[in-house]
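Both complexes shown next keep chain A, but they swap its partner, so chain B is in the first and chain C is in the second.
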Partner chain A sequence: MAIISRGFGGRRRESVDGLPPGQYLTHDFPVLSAGPTPRIPLDRWHFTITTETGQKTEWNWTEFLALKSEDVTTDIHCVTKWSKLGTTWRGVSLDTLLEDVDTAADYTMVHSFGGYTTNVPLEDLLDSKAWIAYKFDGEDLEPEHGGPARMIVPHLYFWKSAKWVNGLTLMNEDEPGFWEAAGYHMYGDPWLEQRYQGD
Partner chain B sequence: MNPLDGNALAGDLRELFAVDVTVARYTCAGCGHADAVATLLLWGHGMGQVARCPHCSDVVLRMVHAPDRVFLDLRGSVRLELPLAGS
Partner chain C sequence: MARAALPGRLTWREATVTGERWETPSARTLILDVPDWPGHLPGQHVDVRLTAPDGYRAQRSYSIASGWSPTAKTVELTVQRVADGEVSPYLADTIEVGEQLELRGPVGGWFVWRETQPAPVLLIAGGSGVVPLMAMIRARAEAKAKQPFRLIYSVRTPADACYADELARRVRDDPGLDVRWVYTRTPPAKRIDVATINSYGWPADFTPDCYVCGPTTFVETAADILVALGHDPKRIRTERFGGTS
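What follows is the complex of A and B.
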């Protein structure tokens, strides 16, 4: 009784211009869970950037909400082959969070409550390419979708957009995160179909 | 969403091993808990199978199916102990 969930591949598919290769359009927002959903009380929420020399910059929830926020409308592409177009988020740009961080590192590891990790090159988090979002579709981000706050790096496959984020570690060398260590691609560009290692 | 138990791994693991790995005993790298693979808590994530220790919830085993390859990541287990047939 092989239980291999191939995502939502069995559903009716729409082919649409503007989708990366191998993707189909979905209108709902599938939830993929690799473990129990962490419930993080806002008074215990924090986000910490740690540089390659160990210097830390930390925000609590109140400090985080006081940062300049942006509205973002973007397409998202999951490696399980669904894409969702024109999703709307509100969050804080990584440009804002990294503004006063002194680093010479080229790589980052994103960390989450619950232990999830994913690696993203630093340059992919800069220049309005990544946000920590706390609203989706005008509502507070639900725990199932990564609330109170999740990373959004929409130009990469969506596993790089970590749910329940609590930190970012800057690294001199690239290292695999949770799914990358188990066979997924180190970078994950949907337009190049970089799904698995060696793609 | 709730996990299945590790018995649901049997089909996938049969593609890799000539023995039924769900009866093997794992030792969790996180807490040292040891029990049958069938007792792991299995999260059938769309990207792969994630089997967690029922004692400490650490990930013991991950399996990813690519179209042409299967990846089995066992860094969360200190060892697997497999009974030999006929003994």
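What follows is the complex of A and C.
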């Protein structure tokens, strides 16, 4: 049975539609990273998709920017409890990047400059559910928010939206990434409040 | 990166406030008795859940301030009041000794210090970001660990400093612990900069383990300086506080 806190609740935030359980609304854009912010020169930027058989597809920055881009407006939900509604991004859909990739794998590991990893099932990257974004709010994406380019998978907690992305590996079996190995949930659905392993 | 075994499910536990301490006029430490607490590593945090009389609930994360010893069996949280916050004013001003709250944890396996890490340690704190770093200093003392620790603690004024008396005592009594204060609002006011970290941190050649915690801009600045001074980015662990409201 829950413990009732007398005297708590007097300063509660207004209730807002679109907030998953346990989240509160923020108008800032907080930053969460495990280490220093890497600075990636655009002439050294690349993004590589590696299939389960080792086949590689790679784009440099110029090739990446030449791909069809989309404007996306979406809500984002961080496992540290803040949510931000109606954020606007521009990026390349994973549907576009995976279009010519031949795979039978069900899982992916997203890789970043600096060594960060996070696992996402392949079907969660397809059908207009995920993008590699390079603009936020009409401006070039700042390094502290993952620039020059980051993944956005907004229907999952935001740690799944890796900053500074440089690759995607397709896998037959699911494996934990960086935070998942440290106790965070393998899937991370904010509407089911899947914050930690076992939730 | 290294893979670890997946830990078990985190359940909500009922914690009882058994003591309190004011660290500054706006930061209060709650000492919590948590039955069957599994122990924690310094740097880890807990999620706190509050339920209002009408069923409304809110959750926030707080760093653990205490080290862990099987004999103490308590968990200490230092809560900085955020003026327009929802949860922190209740924890800082309203909850009383003897009352209960729900928490679960410990959470986090990255921003932690283990006594098996042989390297010297550099801790860089901005404001209430000192809390998880204090847990590391306390855990080091409890373990009688010999790795040398340096803390650079940036805070507005001496009155805003948490744990000032304890840190002064530990600098005297804990061999190999050094603390350097940076006051941003007390003349001669200064901010953390290359000279400060170069002078009072460890040289990059010593390959220290670095932990930086504070507000986002502070952490970005300090971590950038460490990288520029030649520290390996993989040895720099950061935690950013937006201010937990």
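The rule we apply is simple: the second predicted complex is superposed on the first by the 184 of 199 C-alpha atoms of A that agree within 3 Å, B and C clash if a C-alpha of one lies under 4 Å from a C-alpha of the other, contacts with A are read in each partner's own complex, and residues count from 1 in each chain.
Basically, a contact is a pair of C-beta atoms (placed from the backbone, for glycine too) under 8 Å apart; a residue touches a chain by one contact, two chains touch by 3 or more.
Here the structure is a predicted model, which means the values were calculated and not measured.
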{"item": "First, second, both or neither for A:T80, with chain B first and chain C second", "value": "both"}
{"item": "Which of chain B and chain C A:W159 touches, first, second, both or neither", "value": "first"}
{"item": "First (chain B), second (chain C), both or neither touched by A:T117", "value": "second"}
{"item": "Partner chain in contact with A:A181 - chain B first, chain C second, else both or neither", "value": "both"}
{"item": "Partner chain in contact with A:Y196 - chain B first, chain C second, else both or neither", "value": "both"}
{"item": "Most chain A residues touched (candidates chain B, chain C)", "value": "C"}
{"item": "Contacts of A:A34 with chain B and chain C, given as first, second, both or neither", "value": "both"}
{"item": "Footprint overlap on chain A, comparing chain B with chain C", "value": "2-8, 30-37, 80, 115, 178-179, 181-183, 195-197"}
{"item": "Contact footprint of chain B on chain A as seen in their complex", "value": "1-8, 30-37, 78-80, 115, 159, 178-179, 181-184, 195-197"}
{"item": "Of all residues in chain A, those that touch chain C in their complex", "value": "2-9, 11-13, 22, 24, 26, 28, 30-38, 80-82, 114-115, 117, 144, 175-176, 178-183, 195-199"}
{"item": "Complex contacts: residues of chain B adjacent to chain A", "value": "1, 4, 8, 10-12, 15, 43-50, 52, 57-59, 62-66, 69, 71, 73, 75"}
{"item": "Interface residues, chain C side, partner chain A - complex", "value": "1-4, 6-10, 14, 47, 49-54, 56-61, 84-87, 89-90, 94-95, 99-102, 104, 107-111, 216, 220, 223-224, 226-227, 233-234, 236-238, 240, 242, 245"}
